[in-house]
């Protein structure tokens, strides 16, 4: 297991401080919240891609559908935000279970394709189902009061709630990866037939990993609805699945912090560049994809980690 | 009037014919994908973009240089093929031997780049390409009026598909291709110029996409997004047919076109998703696809 | 909302996707022209124009709008094409209390069940399109209709509004088929339409979807057996289809470049820059900006509530249109029914339309009695 | 009843076990009995069906016909992981370790299942540390103690096989299936691994496929010879190696018989 | 004067960043059988792969039939008359056994014909139409060897060809190598199975840590047994 190095510890401390003071140093809180939601989403994908070795090209389904569910329970049923988040998590896990049962038996490229196809169906349901608002999406979802006390209408309160959820889930993912269960996932990634012959029913482990990942993605989706106030078709579109892969890849597949970094870069790019360069955003995002795959496959964080290790080895 | 499940026979037949036209495009595109996946082990996400480039190439040739359809039918695939050569030489070449997922991701990025560039240049509202004069009429089939051009598309695609199938499954070159699929280095060590073969394969796959693009241009608007709308469906076709299976992707392409046509009769909204439903069902019962060999 | 520093106006529209030609970058330029022509300043403060692309995505539109209102202290927002994005931005504007002026979006919900005190629907809406085109066609004896409808809010409301008009005028709707937004191939939908044997094939879609469907209808010989009605057709669509494909098509619009001298002057200036004629939306972008600046001037503040009150009380008149803004935010202006000319009748470039009828505002838009907007009930 | 079966003489029995591949019979009606505590070798010419037979036992392939009984229980229709938990564990023809885990973790991976916490995703890794002691013991048994914290990829080939044996032992199998355990090994390693197998065999049963007759002759208690999917001889080495049919089909000319080619 | 068919000087090779061969020198004369000995990981397979151009980076000189091949890509090297039978066999799953056999292009005259091959390996004939990787381990090994005998390559690089084969087949292989030698083929044998290689080779090279550490003739074999014992534990 990779031990937390001093450098990593320092980086985490810095990050935590940054998260706490972000709104105080003039960062636009809605932007940072959006970033954290996508970071969560990317962490969810990474749990699967990085730590189980399964590439899902359909993660937007969990993220997006849960986003709708959260919006629906708040807007139409008047549920409080904490229940909305919870329902996002649960719904994500449930769809994950369905997807998992179908897809888990396939590997590699096939797995990617099957998840993509299943996600297309979810996206179709979202287009057709009456409660999603079709092409227009669910708009104007109020944030409400957390636990009946904290008014999330204030960006600052909402921000700290989001940050707290993020930190907790991030720690939870770390725990999952190093847990006894995480060890089995690692075996599966390294040598699946061997894991089977040791008596592990790998499909069940993969399925649980898939469900956990989907649950986190669902939570991220419902958080996003709370933060932004809407859920739309682009949340379930396959290009969102592509984007979250890019985030993970850019930051570093199989590193803990990589997806967070990747989400930061991609969200920031889209935010900063959208008005300035128009269609070139797509070109730039595409180019980053290409560059990542060609030049730093381990992602920025992965490469940094390697570089640090090498330097230490030399010293 | 004769009816099938409450649908007039005429409408039924008409939709089948139209499904076949769509199927012809699925077949051509999935064939190219299968060929590329076979030899390069790359799921070519850029395939849709290459299809789009093919259509644009034809449109630009007509618009700027006055090149007619028949000439474009040859030239545009060539252009796309050359683009394929460039892509293979500069980018894909560096991925051989890695996990195929990297190929998927790289070409995904590539598709975005191509699409973005054309969007910047031409917007998304679409350009129209006239039907060539020779085929401009329509034939009254009794149950529907079928534009001659669409009949031509089906025919042309069948010819192209069968030709490609023959090369791959029945010639020595094809045997190299199939062996190269598994262990290109070893085939090369036997004395086969594999890098050249790989390059030409990608170029040929790209050219097929380009050809499909040219054929599509007179039917639909030529827009930068035309490829990305189609590619996900074509992926599903390839998976249903069995990844890497040549005949599988041709047949599945045609069949799914027909099924989609039928869906349009019974539940039009679902026509865009029926392919995925079928894909899931097929994979549950035949994990390697309809025509795929067991893994 | 501070009272010093620049006055920022935002414009969020489809700059790159389906409707970019109808509105898009040229629309943004029109807003800038309006500001320039106004002197570049209002209340002694410089006016700045921000613009952004929402790619037809409601989420992108809403978050951009929110960001500008939070971070840039935006004074007013102009919303471009597509109903979903406009509805989303309208919610944000209401929450943040900023004037939101809509041109490109069609859905009449903006001033009906989803109305807001800060939203103005300035150009056309689905109700007016339906009333103008629908009633004219029915009067000409086309009683049975079949709809080809884009499968999203705009298409649905266009179909619903048109259906109401048809029924009210004694016509019948024999069926409809929904197609996905941005469909690539319409042949199968058209085949179904043809089976219906209706007199009119009404296209409740727009932009690329409309042009594609129109082309295919021609190709499959459907135009021979049915008359096609485009419920939302812009001059750019006619241009790209060509007169040979559109001759005789009747359509409703709020403005045409060749309707009077003022319009022609504006169009000439536009043509010099873009080598094409402006759409009604681009004209409306210019107009709505000018009117807003006038209202600010008149109110002596950029305060949203005061500016809205002024806008709703003033009389509006310029080359684009003439009328007043109703309490629900609906700009009440005349609408027009045009018919596309044949190749022979078209004498100059872009000379495409023949005016068939002018429909007064009161008959074109939702009446106060029919509206569900609470702002009208007070 | 159950008791007496468990203590039965034969740990594994197959009856009429058959596997056909599209008309080609790879394993044909094999009745094999493996005595508890034996090292039992399965030999035979190439393509005789040895690996296929192993695949049937471990459920990697479903049999076309026949029955497999393990410790008196019919396991013919169980899943691979199930048979592993019953105590049938196989090692692979090619070395199969977890390359990017340390040697210690590799062994721990096998021990972990016994804790029953493998689905506990909320527990810390620390909860696995108590297993280290046993893991170290196993590593010591195969002479790998000094490699415990090495990444497994970096081990030489022979050490990997040793590790694999340690991992297999960690599962406390009643029956170990070894498919060509010395394949691709240098002479030194062959010697070491042979010794190891002998060592781990105490207290359990081993069924192995092996082409190296030196190894077979030195450790196997009993030998079954398979040809074209059928058993052609069965018995102790001294007996089988003189069987003319076996010499003809497998061992080649008589001189080489006792030595094998190695 | 015997002709040098293969001459390697100062050959260095890397897998990614790991430097595996550190200056290998060896020569093989036409018509000779040369055996490369060494422990697991000594670098014998790497040497073979370097000759055919399959390692990552290579430096030094490899002359085949007098032509410098260090800069050539694998397919050009093969065309100089080299046939390579890889350690991992390299049987193609998507090709039938027969297609596998027929796959390598004929690069020169003098190859065996298919009947001859089938007589030598009857298993292959029987399984001719089944997919390559459905053959048993040993059958695949036979196929891998048989495959390069057809091509007319005169320099055969055989890596661990006796591995996983029944003793009876190993004996046949030994006979086959003698036949090939009699026909004038030149052979480099890499073998763990010393007893198989010992009687066949004319000369031996011993490798250790990516270098050649010893070289001797068949006639000197007896004198070198002690040394081999030390190196290989034979």
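Each chain gets a letter, A, B, C, D and E, in the order it is written, and its residues are counted from 1.
The rule is simple: a residue touches a chain if its C-beta (ideal position, glycine included) is under 8 Å from a C-beta of that chain, and two chains touch if they have at least 3 such contacts.
Treat the numbers as computed from the prediction; the structure is a model and nothing was measured.
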Chain separated most widely from chain A, comparing mean CA positions: E
Most widely separated chain from chain D, with each centre as the mean of CA atoms: C
Result of counting contacting C-beta pairs for A-C and A-D, higher pair: A-D
Euclidean distance of C-alpha centroids - chain C vs chain E, Å: 77
Distance between chain centroids, defined by C-alpha means - chain B, chain C (Å): 37
Rounded Å distance, chain A centre to chain E centre (Cα mean): 51
Two or more partner chains touched - positions in chain B: 119, 269, 272
Pairwise chain contacts under the document criterion: A-B, A-C, A-D, B-C, B-E, D-E
Residue ranges of chain B in contact with chain E within the complex: 175-176, 178-179, 181-183, 185-195, 293
Chain D contact footprint on chain E (complex, rising order): 39-41, 123, 127, 130, 134-139, 141-142, 160, 162-171, 192-196, 232-234
Residues of chain D touching chain A in the complex: 58, 79-81, 84-85, 89-90, 92, 96-101, 105, 108-110, 112-113, 115, 117-125, 127-128, 167, 171
Sites on chain A touched by chain C in the complex: 28, 30-31, 34, 127, 133-137, 139-140, 155, 228-230, 232, 234-235, 274-275, 278-279
Contact set on chain C toward chain B in their complex: 16-21, 24, 151, 177-180, 182, 184-185, 187-189, 191-192, 195, 207-208, 211-212, 215, 219-221, 236, 240-241
